[in-house]
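Below are two complexes that have chain A in common, paired first with chain B and then with chain C.
Take a look at the complex of A and B:
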């Protein structure tokens, strides 16, 4: 048997270009449909995993898809906002843990997400470098953000102004990085987390004051101590230990904006009660189950897979026919070689074994190359698929 | 055969004993519930409620007023790791809006009577102690001086402990009964004092007794005096003028006033009475000792002089 394999190997090696082309064709034919399925399944699994870990999301009435994608992936800063009253409303029932999220702003191209520490606990996001944020104006970076920006504890970064054309708008805030979160292979890796209150300071709802003595500017056209302008009301662009104590908020905290509230019910009964309450009474708000929203979304998106399957089937069939033709032509071209072997005393069965050995070696090589292609697709393209779905 | 059955039974017995022992070890080995309290009354309530099963931290240094204290980064990090953060509410923790703490661990013990908070207007900015300039404007925060409110705060704290560690339910409920009984007794004594006083005017050295006054119907007015600082002459003049319309004979003090102040008050026929608010740990004894002492002093000060006194 090993003589057959040796002869087959020598033959394939002698015609190595042709053999390589055959192996690539066969492996692509197998790997393409399987790889596409694998990449799509990975993308779907990644989306559904995140949705599975997020029982309910409450927010302003409107598109449930926008609300879900914003709360899970922080990718829609202009989604309709709700207020902290929504958090109070759920908390007053005592049926669920509430995790408010405010993801309107960004810093250096990454989403800036205002959360409470409960969110980080719930997502099991622990600081692996530095310390957790403790006061206003501090932030912790997701693992991918830290790697991409090359920042770590002690660094600073500026928030991106909401609107470049709004000259009287909000000042960018200089954030102090206190720590970097451990990698979770989730959208949290690509976000910058601040306290909700810091996000509200960026929004302009809270501010600090300079010492009045320094800030009073006198009007030279008037006599006496006329107070023309009080720079004490200038919003700070950096919160430091010196000015921290002057920071405060105005207005009713229940009116402060948030993007969404993740609600984690205490048990199944609490979940049913909460959903019932929103269905019956809450007209300005909605409560959605991210799992069903994501499943519906993916079902719609992945209908394209059926089209892929059809096209790949046709391409595969034509490739198979072409390969059969190549193989039969090659056998015909090898008629002289076969005759020589016959004259040397080889039986017809020996020649059959030789052809089978060559075919098996080609198939095995194709299987190896195809598996490698699927592995590469699984590792490098699943993230691309997730980004494509969310784009 | 009989021997095998015997061995099996022994095996089951050992297994049961093992499971029982392991359960006990696990129960005993459970770390105590870590509670951080924002003021001393809450720290005292938590200690009374949880006993040995809770570890209560009160991070405010001695001598500092917790209402004007600002935690540093290390203290905030320790608070983040606690199981419960007991807050007084009523704007007592002015630092709370500037720090990052887990919302789910924060217990606002006065939220139940939020609608009954007392809002202070036209407050004077002044300074004393290490916390520097401050004002008492905003919401009055010494809620526990109305002992019925203190009972409500203790109940909220007890519920939070039980929610966090259901295994402590029986201990906490038993201890709560004792704590409520003590607070009820104080409440009864304060009512007796209020009846004895019969609406006569009272003075307070600092505007920190708003809930005490409201809770027990006291006709109380405050000045802004410090025990260790002699008030300026114009303050004394204002007081003398005030006494013409409000002939108060008692003045409540958070700490013993200096002897010079005491002398001048005595000259005006005003008796200083120590009534500690206990926002921070008292120099001696505990919250209940201090409050009992407060009420005793008040009752003693209004008792008519006996023949022997004369």
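Take a look at the complex of A and C:
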């Protein structure tokens, strides 16, 4: 048998370009459908895993899908916002832990998410470098953000202004990085987390500034002296230990905006009660179960898989036919070689074994290459699939 | 070594209905025989019949004491591989193998021959004798015609056959190389105490053979 393998190897090696093309064709034929299925399944699994870890989400009435995706993936900064009153409403029932999220802003291309420390505990996001944020103006980076920006504890980064032409809009705020979170293979790896109050400062609801200087300015257009406030009031764009105490908030905290509230019910009964309660608020609020939202969404999106399967089936069949033709033509071309084998003392069975050995080597190589392709698809394309679903 | 009686072989593909007939033929062990004659008179066919590549329609062939005409396909094949060496006119070397692999090829495709360390050592010795030892690892496509001829002779001689059959072993060679190849063939035959039948069109060479069988009169 080892002679068959040796001779098959010599033949395939001698015709290595032809063999390589055959191996690539066979690999693609096998790996394409399996790879597409695998990537789709991975994307689906990743999405459902995140949804499974998030029992309920409350937010402004509107699209449940937008609310869910924004709360899970921080991907829609313009999604309708709710207020902290929603948090109060759930907390007043005593049926669930509340985790408010505010994901309107970004910094250096990554979503900036305002949360409470409870959110980080709930998602099991632990700091692996530096320490947890403790005061206003501090942030912790998701693992992917830290890797992409090359930042770590002690670094600073500026938030991205929402609109350069909005004169009344928020100022960019310089954030101090206190720590980097451990990798979780979740959307949290690609986010920058700040305290909710820091997010509201970016929003402009809280600020710190110099004490207003009082001065008397003579207005030449009016008679007499007019007492005027100095219009050049300096608003801080960085929170430091020196100016920290000057920061303050205006307005009713219950009206402060958030994107959504993750509600973690105490038990199944509490979940049912909470969902029932929200039926009464259907005009201004909604409570959704992310799992069912994501399942419905994925079922709709992955209907395309049936189309994929049909197309791939046809492509596979035609490739198989083409390969059969190549194979039979190749055998015909090798008639002279088979004649030599016969003259040198080979039986028909030995010739058959040689062809089988060559075919097996090609099939085995294709299997290895195909497996590698599927592995690569699984590792590199599942993220692409998830991004495609969220896009 | 060889005895042929009342042999008849009809070419199935030939429109002429030509039939090769040999009433009686004998050859001694160690004899060197040249077969000459015009094309299409059955010279190569005679060698193929002796080698058992094709069975006769009628008659008997004994080679080295064995009745070739009575053997089945497998027995004929094994007999040919173990007891006979064949140098084909077109050499029958495979492009995808190097010279050594071509010479050892019969050992890899027929279980009647066993590829052992001894065989490999014999190959090296024989290659040395034939002056192709440094070419053993070269692909056959890079060899000269003379080197390819030597490789084919080496392959035929390697299993130490009792009879070597060669069809035009000196074809397409210049006169100097013809003599050299024939020297090589004769040396190989003598060193293995084998018999030799060579089909040739080259009348300059026939003086070196013990006997000449002329097919001109057969037709």
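The rule is short, and it goes like this: the second predicted complex is superposed on the first by the 364 of 391 C-alpha atoms of A that agree within 3 Å, B and C clash if a C-alpha of one lies under 4 Å from a C-alpha of the other, contacts with A are read in each partner's own complex, and residues count from 1 in each chain.
Assume contacts are C-beta pairs under 8 Å (C-beta built on N, C-alpha and C of every residue); 3 or more make two chains touch, one makes a residue touch a chain.
Note that this is a predicted model, so its numbers are computed, not measured.
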{"item": "Combined model on chain A where chain B meets chain C, clash or fit", "value": "fit"}
{"item": "Contacts of A:345 with chain B and chain C, given as first, second, both or neither", "value": "second"}
{"item": "Partner chain in contact with A:284 - chain B first, chain C second, else both or neither", "value": "neither"}
{"item": "Chain B versus chain C as contact partner of A:197, first or second or both or neither", "value": "first"}
{"item": "Which of chain B and chain C A:245 touches, first, second, both or neither", "value": "first"}
{"item": "Partner chain in contact with A:138 - chain B first, chain C second, else both or neither", "value": "first"}
{"item": "Chain B versus chain C as contact partner of A:306, first or second or both or neither", "value": "neither"}
{"item": "Partner chain(s) touched by A:10 [first = chain B, second = chain C, both, neither]", "value": "second"}
{"item": "Chain B versus chain C as contact partner of A:118, first or second or both or neither", "value": "first"}
{"item": "Partner chain(s) touched by A:337 [first = chain B, second = chain C, both, neither]", "value": "second"}
{"item": "Chain B and chain C, minimum CA distance [Å, superposed model]", "value": "66"}
{"item": "Chain C-contacting residues of chain A that also contact chain B", "value": "none"}
{"item": "Contact set on chain A toward chain B in their complex", "value": "97-98, 116-118, 121, 131-136, 138, 195, 197, 206, 244-245, 247-249"}
{"item": "Chain A residues within the chain C interface of the complex", "value": "3, 6-7, 10-11, 13-15, 337, 340-341, 343-347, 350, 354"}
{"item": "Complex contacts: residues of chain C adjacent to chain A", "value": "53, 74, 77-78, 80-81, 86, 88, 92-97, 101, 105-110, 112-113, 115"}
{"item": "Touching residues (chain side chain B, partner chain A) in the complex", "value": "70, 73, 76-77, 80, 97-104"}
